[in-house]
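In what comes next, chain A is part of two complexes: it sits with chain B in the first one and with chain C in the second one.
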Partner chain A sequence: MITVNNLTHIYAPGTPLETISLRNINLQISRGEFVALAGPTGSGKSTLAQHFNGLLLPSAGCVLVNGMDTRDKKKRRELWRTVGLVFQYPEQQLFEENVFAEVAFGPRNMGLDRREVERRVRRALEMTGLEYDTVKSMSPFMLSGGQQRRVALAGILAVEPPVLVLDEPAAGLDPAGRRHLLEQIKAWQLSRGTTVILITHNMEDAARYADRMVVLLKGEKWREGTPRQIFGQPEGLHEAGLDLPLPAGVMFGLKEKGLAVRCDTLTLDEAEQEIKTVLPGGK
Partner chain B sequence: MFDGLTIGQFIPGDSLIHRLDPRTKIVTTILLVAAVMLAGSWPAYLVLSILLLAVFTLAGIPPGMLWQNLRPFWFILGITFLLQIFFTPGEVVFTAGPLHVTRPGLALGGQILWRLTVLILAGFLLTATTSPLKLTAGLECLLAPGKRFGVPAHELAMMMTIALRFIPTLFSEAQTIMKAQQSRGADFMQGGLWGRVRGIVPLLLPLFAGAFRRAEDLATAMESRCYRGGAGRTRMEELSLRGIDFGALILCVALFSLILGLRWRGW
Partner chain C sequence: MIEIRGLHFVYNQSAAGSGAALKDIHGDIRRGEFLAVIGPNGSGKSTLARQLNGLLLPTAGTVKVAGMYTNDPARCWEIRRRVGMVFQNPDNQLVAAVAEEDVAFGPENLGLPPPEIRRRVDGALRLTGLGAQRLQAPHLLSGGQKQRLAIAGVLAMRPCCLVLDEPTAMLDPAGRREVLQTLRGLNREEGITVVLITHFMEEVLFAHRVWVLSDGRLVMEGTPQDVFDRREKLQAVNLALPGAVELARRLRNAGYPVPANVLTADELVEALAGLAAGR
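Let's look at the complex of A and B:
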């Protein structure tokens, strides 16, 4: 679905402010996959995300989406329909006078007819847990922060892109809201076969929802693998500025104390089982 | 659209020019601007151009950036130049259809083009080598004598600091919003005039909403730290004039007098 070849991105080239934000990234993402793009602040996650739909273009190398080169100007229109990008704090882009018009902005730009627009808006809003008939004529600015976030997410979902890129979609939400939002994204992925790229520095989220993880560090691809592979070798993660999810962290602590346990436990149940195996009597 | 760099960007450095007192730089810039307005002969143009380029070199600013800062103004520069060369009466040197290019027109157009270019570059030189904080400190200091006549020097300087502080923030926010709306299929470049005007709404509305939100947050943050204007405030870095400042001032005053003298002599 997405192929990234030797991607290098340089910010403000040829000036004293020049910085290399991505260096020689190679990446393959298949259809329907849920990939977590992790890394500490400043590692280039957001920069990489903006390459997927051609908002940023490679300084060297290339990005292919469904075989389309993002540098191809003629494919611009097709690209934004293929890759839906949800920015950080997307509620800050709201501008329409009511929620319906806000969510319908994308589908209308696609030139869909009225009934199809309405169908998509309804589905997108309900997918994010908002009551269509209650919110459709409300001003988005009257909603709470969490609800605004949902409206903004629905605005992208309504385009129904085959690839969904989300930049820290749960930042600033309370734990329940965070869980709820990510569950909905996971459900959307599973029900529609959408490819999801989730940008996060929250390792719990990556462990819970992702099929595969890509860890960036200082603009380079540092590690890649399933969450189990990544957290199974936790050495260096902490130095890279990343935390282990709680179940893996506990096991790693035990291992360092000299117990022969596995560290690739992703859930508390797994961790419990693993601890039982080393306890005398197996209880 | 805006490529990382903004007009009036501060370029950190440790050159002689960077280390000058901000007051010196503000006063010399004003003198330079006045000299540019007075200059009316080739020797004067030449002296001022060389001086400006020499100072840019001293400040260690790459020549490419001068061009980058002029680029946004090319339209205004071009239009003023064309208006002058076509619509000044005098001896015709070249005819293009109904339009006549005249000799005095060329001279006047060239002069205006040069003046505007130097003015833009002088402004850029000041902001490129002076951090916003120092710039406003210098301005406040220079305005301070006006306090007696009711000029709110501190408040003006504070407003300028805040405005300068938020230009890059608003720029990057505009950029983000633009990208976000493009991801939803917004098109800022196509359509007729009406289409473009309507196309800008998805950009401007969130930008204004964000600016108001920031203004409110900032006001709260300032009040919760008991900000109440300039009375009794101290500075972390006190301004002080040193030898090079006096040197630069004397040099500029001398140059200004020279240009004034030339002008008086009818040059």
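Let's look at the complex of A and C:
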């Protein structure tokens, strides 16, 4: 689906501000895969994400989406339809006078009929945990910060692109909203075969939802593997600015205390079971 | 420090259908305390924050800061100097091209003499651990550093209270740790009152006291332990326990004697290691 070949990206080349923000990245993402892109601030995650729909172009190497080279100007429109990108602070892009019009903007531009537009707007708003009938006529600017973020996100979801690139979509959402949104995106991936690339600082989310993780550090690909592989070998993660998800962190702490436990527990359920194997007593 | 009495607030009263964002809030924020405020999106957290330094004024009821009512226009600037605000997006709060000039912006606007400005800037950068970055451009700082710089800019105004509206929402784990350590240090060593609005239940653990907002009302308050003990009530407002507290609870329910005061992952590891060793 997406192939990244020896991608290097240099900001402001030839100026005193020249910065290499991505160096020699190679990456394959299959159709229908859920990939979490992790790494500290400044590691190049957002820069990489913006290459997936051609907002940024490689300084060297190339990015292919569905066989389309992102540098091919003739394919630009098709590329934008294929890859939906949600930025950080998406609420800064709100502009319509009511929530319905805001979310309907993309589907309307695609030339869909009225009923299909309405169906998509309803579904997208509900995915983000907003009640369609409550919010559809409200001005987006009357909503709280977290609610605005949900509306902006719904605007991209309503386009229903085959590839969704989400840059910290759940930051600033309350825990229930965060969970609901990611569950919905996961369900979408599984039922429709949507390819999802989730940029996140939240390792619990990565552990729970991603099929595979790619960790960037200083513009280079540092580690790659399933969440179990990444968190099962936690050495160096802390130095890379990442946390272990709590269930893995507790087990790693116990291991360091000399207990024979496995550390690749990703959920509280798994951690609970594993702890019970080493504790005496219990019901 | 801050007394809130019968606070009621409606945005844009003329617009039809707009309900109250805050309803009958009563409460005191004590000098020197670390108060965490949690609640779902749209529960009124940010609105409450903006009431604490008069960015918004009560529709009914009062907010009193160090003896001054926020709806007294003559006291507006004095209240804002004493209660400093930090928001979610650090990029929106930084104004200058050099870190220390950004911190100097507030004191310069007070018309202070240059040596005093210098003293304040140096002090604020030291308290936020940014001494080495003083001459850097803010946009080249990491997320955590930017947010600490925003805090430094507020500190240079010598506030007695800091109100932070989800300051860590956009930061990576290392940045979150930096900002929280900075806040704890300011609270413990400098005696600055901290009001931290957050969605991260783990950050609540640092607080002396917690307020839970739901639908514009203050529905729970107490120490973190008190609040976590009322799990059903938390769930009713869609909030879950922090992971370590939840795991400890499950193990207790399964018959393991994990102490009830376990709040953090480290405490849980200690408790479990003790149990495994038969202590």
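Convention: the second predicted complex is superposed on the first by the 276 of 283 C-alpha atoms of A that agree within 3 Å, B and C clash if a C-alpha of one lies under 4 Å from a C-alpha of the other, contacts with A are read in each partner's own complex, and residues count from 1 in each chain.
Following the convention adopted for this analysis, a residue touches a chain if its C-beta (ideal position, glycine included) is under 8 Å from a C-beta of that chain, and two chains touch if they have at least 3 such contacts.
Just so you know, these numbers come straight off a predicted model, no measurement behind them.
*Asks:* Clash or fit: how do chain B and chain C relate after the overlay on chain A?
*Replies:* clash
*Asks:* Looking at A:Phe141, would you say it contacts chain B, chain C, both, or neither? Reply first, second, both or neither.
*Replies:* After superposing on A, A:Phe141 lies in contact with chain B but is clear of chain C.
*Asks:* Just to be sure I read the superposition right, which of the two partners does A:Leu173 touch: chain B = first, chain C = second, or both, or neither?
*Replies:* second
*Asks:* In the superposed arrangement, does A:Gly219 touch chain B (first), chain C (second), both or neither?
*Replies:* Neither chain B nor chain C is touched by A:Gly219.
*Asks:* For A:Gly44 in the superposed arrangement: first (chain B), second (chain C), both or neither?
*Replies:* After superposing on A, A:Gly44 lies clear of both chain B and chain C.
*Asks:* According to the stated criteria, A:Asn109 is in contact with first (chain B), second (chain C), both, or neither; which is it?
*Replies:* Touch partner of A:Asn109: chain B, not chain C.
*Asks:* May I ask you to decide whether A:Pro58 touches chain B, chain C, both, or neither, giving the answer as first, second, both or neither?
*Replies:* neither
*Asks:* Let me test your reading of the model: by the given contact rule, A:Val278 touches which partner, first (chain B), second (chain C), both or neither?
*Replies:* Touch status of A:Val278: second partner only.
*Asks:* Is A:Phe95 touching the first partner chain B, the second partner chain C, both, or neither of them?
*Replies:* first
*Asks:* First (chain B), second (chain C), both or neither: which does A:Pro227 touch?
*Replies:* Neither partner.
*Asks:* So the two structures are superposed on chain A. Out of 8-16, 98-106, 152-160 or 224-232, which stretch of chain B collides with chain C?
*Replies:* For chain B, the listed stretch overlapping chain C after superposition is 224-232.
*Asks:* Show which residues of chain C lie in contact with chain A when the two form their complex.
*Replies:* So the residues of chain C in touch with chain A come to 11-12, 15, 18, 39-42, 46, 88-89, 142-144, 166, 169-175, 199, 201, 238-240, 243-244, 246-247, 250-251, 254-257, 265-266, 268-269, 272-273, 275-276, 278.
*Asks:* Applying the document's contact rule, which stretches of chain A touch chain B when the two form their complex?
*Replies:* Within the complex, chain A touches chain B at residues 11-12, 14-17, 50, 53, 55, 77, 80-81, 83-85, 87, 90, 92-95, 105-106, 109-110, 141, 155-156, 159.
*Asks:* Which residues, counting only chain B, touch chain A once they are in their complex?
*Replies:* That would be residues 3-5, 11-12, 62, 64-65, 68, 173, 176-177, 179-187, 201-202, 205-206, 209-210 of chain B.
*Asks:* Under the stated contact criterion, what part of chain A meets chain C in this complex?
*Replies:* The touching residues are 39-42, 88-89, 142-147, 150, 168, 171-178, 201, 203-204, 241-243, 246-247, 249-250, 253-254, 257, 259, 268, 271-272, 275-276, 278-283.
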